[in-house]
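These notes are about the structure you will find just below.
Chain IDs A, B, C, D and E follow the sequence of writing; residue 1 opens each chain.
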Amino acid sequence: MIKVNVHTDHRGLENNLPLERISDTLSGDDSLLWVDVADPTPEDLRLIGAEFAFHPLAMEDALRRHQRPKIDHYDGFLFMVFYGLATDDGRPVAREIDLFVGKNYLVTVHDGTLPAVPETADRWCENVERQGNRGIGLLVYSLLDSIVDGYFPVVDDLADRIEDLEAGVFAEGGSSRDEQAAIFALKKDLLAIRRVLGPERDVMNVLVRRDAPVFGGEEVVYFQDVYDHILRVTDAIDTYRDLLSSALDAHLSMTSYHLNEVVKRLTSSSIILMSMTLIAGIYGMNFAHMPELDWRLGYVWALGLMVAVGAALVALFRRIDWL
Amino acid sequence: MIKVNVHTDHRGLENNLPLERISDTLSGDDSLLWVDVADPTPEDLRLIGAEFAFHPLAMEDALRRHQRPKIDHYDGFLFMVFYGLATDDGRPVAREIDLFVGKNYLVTVHDGTLPAVPETADRWCENVERQGNRGIGLLVYSLLDSIVDGYFPVVDDLADRIEDLEAGVFAEGGSSRDEQAAIFALKKDLLAIRRVLGPERDVMNVLVRRDAPVFGGEEVVYFQDVYDHILRVTDAIDTYRDLLSSALDAHLSMTSYHLNEVVKRLTSSSIILMSMTLIAGIYGMNFAHMPELDWRLGYVWALGLMVAVGAALVALFRRIDWL
Amino acid sequence: MIKVNVHTDHRGLENNLPLERISDTLSGDDSLLWVDVADPTPEDLRLIGAEFAFHPLAMEDALRRHQRPKIDHYDGFLFMVFYGLATDDGRPVAREIDLFVGKNYLVTVHDGTLPAVPETADRWCENVERQGNRGIGLLVYSLLDSIVDGYFPVVDDLADRIEDLEAGVFAEGGSSRDEQAAIFALKKDLLAIRRVLGPERDVMNVLVRRDAPVFGGEEVVYFQDVYDHILRVTDAIDTYRDLLSSALDAHLSMTSYHLNEVVKRLTSSSIILMSMTLIAGIYGMNFAHMPELDWRLGYVWALGLMVAVGAALVALFRRIDWL
Amino acid sequence: MIKVNVHTDHRGLENNLPLERISDTLSGDDSLLWVDVADPTPEDLRLIGAEFAFHPLAMEDALRRHQRPKIDHYDGFLFMVFYGLATDDGRPVAREIDLFVGKNYLVTVHDGTLPAVPETADRWCENVERQGNRGIGLLVYSLLDSIVDGYFPVVDDLADRIEDLEAGVFAEGGSSRDEQAAIFALKKDLLAIRRVLGPERDVMNVLVRRDAPVFGGEEVVYFQDVYDHILRVTDAIDTYRDLLSSALDAHLSMTSYHLNEVVKRLTSSSIILMSMTLIAGIYGMNFAHMPELDWRLGYVWALGLMVAVGAALVALFRRIDWL
Amino acid sequence: MIKVNVHTDHRGLENNLPLERISDTLSGDDSLLWVDVADPTPEDLRLIGAEFAFHPLAMEDALRRHQRPKIDHYDGFLFMVFYGLATDDGRPVAREIDLFVGKNYLVTVHDGTLPAVPETADRWCENVERQGNRGIGLLVYSLLDSIVDGYFPVVDDLADRIEDLEAGVFAEGGSSRDEQAAIFALKKDLLAIRRVLGPERDVMNVLVRRDAPVFGGEEVVYFQDVYDHILRVTDAIDTYRDLLSSALDAHLSMTSYHLNEVVKRLTSSSIILMSMTLIAGIYGMNFAHMPELDWRLGYVWALGLMVAVGAALVALFRRIDWL
């Protein structure tokens, strides 16, 4: 589905322009055009590519998807790959969005819905009507800003999961298979996010450092802002990774601690039982002359002896904390 | 709460100036202004922002907080984010302070009380009265210096906790859940501090390397001093991390060592008991012809045999260090 | 086996040219020559080297093989070492290809068949007939692109193996020797691929950054594309390494978890048996006065007692999750 | 204690000059002055600072101590912090020395005795009498060189301790608490030395790279020498860290290996005892019809059976290496 | 032992020139001199140093040895430290060689025999007679090339040892002390080699990057070749380190796997024995009324019961893979 929004100084904002009228508009110096292509068919992309005269390599990247976040400088336009993060069924998923950025146009290509796109579109339309066209740089900024702002709830979600995990490790005890699986899943999610964030930081670095030909120098401060937010998310992810590995260490240590406890308790118990069995064994011997056997209270004596030995051992093991 | 201190060469120091008179003062070339905003309401910030004509992005950062330490170059002013460290309930907490630094003013924004702020204010007021206005650079320096000096007691506190832990690992023995939790908590605290220190080092690097337009070249040596202190704290934190991971290794190793000891002791004991039980079992057999059974001292012989075997095994296990 | 393809503007494409005619063609400014040498004999290489006047160091590298991916700048030509990846018997293997790149010729040397070579050759022949000679840069690009595209199925294969492993770790349980061996084999394969990819990234970096004398500036965007693909594969490999080490951690943790389970179950069982044996032992004592022995239902009582104690312990151990 | 040595071309070397005459001497172009301040009182430092007009920040650093190794460029002098290493009670300790380096003077401040200081002083006095004043650069070099040469015996000491540890891990066996504590202590010592060496390398880098205004270009080769020695020590420390972590791995592995051995041996033994007890139990049953019980040699048969079963199990366990 | 080889354009090659004639030769512009000093006495070095007027710092390094690989730029000559690798008693050893490289001379200093030295000397003498003097750069190159070529057999040897280790870990089973010691020894050897290779790479980097004054620009391609070989060895060593740590992980994992197996088997066995003992215990009770005791086939019944219970447990444990 292709959606075209155009703003020209003399005609103001026009939404849902037909595709054919794009080339007229592009030539106008005072216009700013945003074409959003959701779930594109190859035919859609071919049309767009022809209209804007995009380089075949950029078209191929937009068609195939699953690119790394990057910024490629082509003659007359920039091609950027970025990812939005969303939480799906409790786990973060990354959704690709490709940006073609020209002097007076922005073309975005993505699968499915990316909340940042309609949000930015609404805000932009509103602003452009109120304040007029403030340039392609600010449009790209507000889109990226909106995408990156969407990272924070996902990251907070991860923080909550780590906290739950932490509580679980120290609270109850015992090494459950679920806990281990949760750690593994978290690690995988962190890796997936890190894989997107690292290259995005590099992309923003390019926008902040070099004076890219398409954006004015005064817009650097805006991209710096997005860059700072990405750094913040990256920092958080790195901290979570470290925390997670600490949690794993703690988990392993607690597992071995519990094993110790169980072994100590069970083996102590078996020694107590063995001692009592030894007494029973002794009085089960068939010697002709065993004075206790003929005692009136021999049986009680034997049972008492067992209880006494058992109790003494229980006390001993309790004292040295083995039971 | 907003507190305004102004120093002008002709009128000297004036404390608690009303906000409205700021703009007059700002235009004067000989004045130096410090506005401290504690626990700001959005309205407070709006007022300040309007008075000083701050960029909306910087205002947003100051309003939202939880930024990464950073330094942003805006037209006419610098925006810096720094963190003070305090110890709360035995654990370090980081408190954000935002600085707007202009040619002749400093605006600080923070939540709650940051001891470094009143300290610096007092010292500055005193100095400014005695020596006159020595420039915005030195004011910013003394504030940062005071903040960073506040890191050392926090770090010493961590050093003490690590030392306690170390003592605990080797002293008593046994793997307590508390020790493990203490290691984890320490690791978390170190991570939290590291997360603040890393970017602060980058910020100071900017102040030391580039001749920032707001500060004169002769002030670099002062910022170098703050930078050195941050490096010192960073070094300490890194060393503590390494020590902590060594302590964790030692802890795990001691746990497995104690498990070994327990297993050796208990299993040795059970073998001794089993041997004695075997003897009792033998003399409990019902064979018609068992000469010992009819001995006068058969029973004593059997008990003696048990004791002898038990003692021999105890001696053996002692010698090979299993008991 | 040596295969020579030449394209000249006036004569068009000629395949399987005899070697001797190479030098004539090379002098022509409008020609583009591709010589592919598969499984070269030393004699083949000597011939080629003489014909093109290659530097002896480059010839030695091509002869010996097992070089690191690299790009060497010689007078008049570039020498590049690259690796293709293929899956052989479920494990990835790297196949070396050496490229001599001159102003108007490409010489490729490799052992065995590398699918990328005939693929590129076919496509090139087709293109060159349709669109004419588009320069050595694009020919090198299409060869490298084809090689790097061949990495993706190999990497996907690794991803599948890791997923299988993951499923195995959490699904069944128990620590099989096979699982451990699979982890080790995967790690080895990842290392082998990483060893090729790292230097290849450096090679591409050279082609992208510096304006190499042989390729025009407008071809940088193509090499950038190959570079991005290599980065993508490198990212994937790094992620797999991290995942693998997580899987190893999970595996070790599950192993120790299963040990715990087994130890708890078996030791609990032995305690139950010991308790019952103790009762049997007690009623096996030979005291003259043991009232139960003369009860009519003494035997049933004893058996009942054993069952009761056993059942109570089973219930207890079940409740504390030890059985 | 303050010691002043001066060399002037016309008066030669004068030792133990009174402090008051320093300023006269400083103005002379042909003089070279070394003031060594051991265990300074704040008053001492105030005097020195006033005499040489040092920057207050440098004075503060010299007063407080516990700085990181660093080099600060002040107007007219350099301030350097370096550390000497000594072995105290078998463990390395770092002793700070602060250097103020001017055009024709060196002021050194340190606590206690640093062997490098009197050594360098003696050598310098001797050289200066023989060869005349060869400049401040060579004086600083010989002091640093002497300090760094003092690192090697300390590092050799560490090497010996690691070798002892290694021998211990594989030789005897068993996991002693002492070994673990020794590993931990070594790790701590390595960290402490590393913490000093890292920044010192950076300091030397400054002296080697930039043509510092106080030292001539021909002295760079001397500082390069000191730099190389520091690199050598750093390399050694890094290698020891890796070796230590290998030793720790080996230690843990040997511990678990010994646990295996003990468990196998003890459990095998208990199975043998249980088998023999079972036989005794069988012949202790009270069946009316048990032919063996009435055999003449029944008792011997039973004992023989026990011995046979025991011996068979011993042989079996020996063969599968469990005993 | 000092060996002097000189080549002059007009007199050709002269071997074993007396030391005294060196200075004459050095002044000649067309001469190339190689002085090889094996196992030098301090007197030898003093002579050489005086003859060539070497800087005292370089002389000291050559005298003391055990330097880090490095390249020092002195006035009029370069001083290089390199290491040859040899295999001694199955373990790699590094042998130092120091190079003084002037405009028309090379002085090499080393202990014992380094196979690369006579090899290069022979080849050089041969070449110089055939092709005349081709400059000091190519002489240094062929020496370094020969040294670095000597690394490959040493590295292959390590590869073999790692492969043996790998086979050992998965093949047999059980955690032998030897295996652990072999891993540790390998790690130590890798560290020792890495410690030499890292700085050598930096040295080569200097020769490749900067146009050192002594070597012409056209020789860079030769040093690049040596550089590539060092990179290849470094890559291999890094890969081996990773493989080794994987092997260690596998080793530890297999150890704990075997412990699991042993524990499961032994404890299962003990439970079977206990069950049988319980039955024996039951029929050893002394109740007046126990019907089975009077059965004709009571004894057989009891033995049968034991066998049945034992067999049932064996079957059960086999099914859940515990035996």
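By our rule, a residue touches a chain if its C-beta (ideal position, glycine included) is under 8 Å from a C-beta of that chain, and two chains touch if they have at least 3 such contacts.
Not measured: the values here are computed from a predicted model.
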Q | Shortest contact path, subunit A to subunit D, counted in steps | A | 2
Q: Could you tell me which chains make contact with subunit A and subunit E both?
A: C
Q) Minimal path length between subunit B and subunit D through chains that touch? A) 1
Q: Would you kindly give the rotation angle relating subunit D to subunit E, two copies of one sequence, based on a CA superposition and rounded to a multiple of 5 degrees?
A: 70
Q: Between subunit B and subunit C, tell me the centre distance in angstrom, where each centre is the average of that chain's C-alpha atoms.
A: 41
Q. Centre to centre, by mean C-alpha position, how many angstrom separate subunit C and subunit E?
A. 25
Q: Give me the residues of subunit A that touch two or more other chains.
A: 252, 256, 259, 263, 267, 270, 274, 277, 281, 284-286, 290
**Q.** Sequence of touching chains round the ring, subunit A onward through subunit C
**A.** A, C, E, D, B
(Q) Under the stated contact criterion, what part of subunit A meets subunit B in this complex? (A) 166, 170, 173, 221-222, 224-225, 228, 231-232, 235, 239, 242-243, 246-247, 249-250, 252-254, 256-257, 259-260, 263-264, 267-268, 270-271, 274-275, 277-278, 281-282, 284-291, 321-322
Q: Enumerate the contact residues on subunit E facing subunit D in the complex.
A: 55, 57, 61, 67-68, 70, 72-74, 174-175, 177, 180-181, 183-184, 187-188, 191-192, 195, 198-199, 248, 251-252, 255-256, 258-259, 262-263, 266-267, 269-270, 273-274, 276-277, 280-281, 283-286, 290, 292-299, 302-303, 306
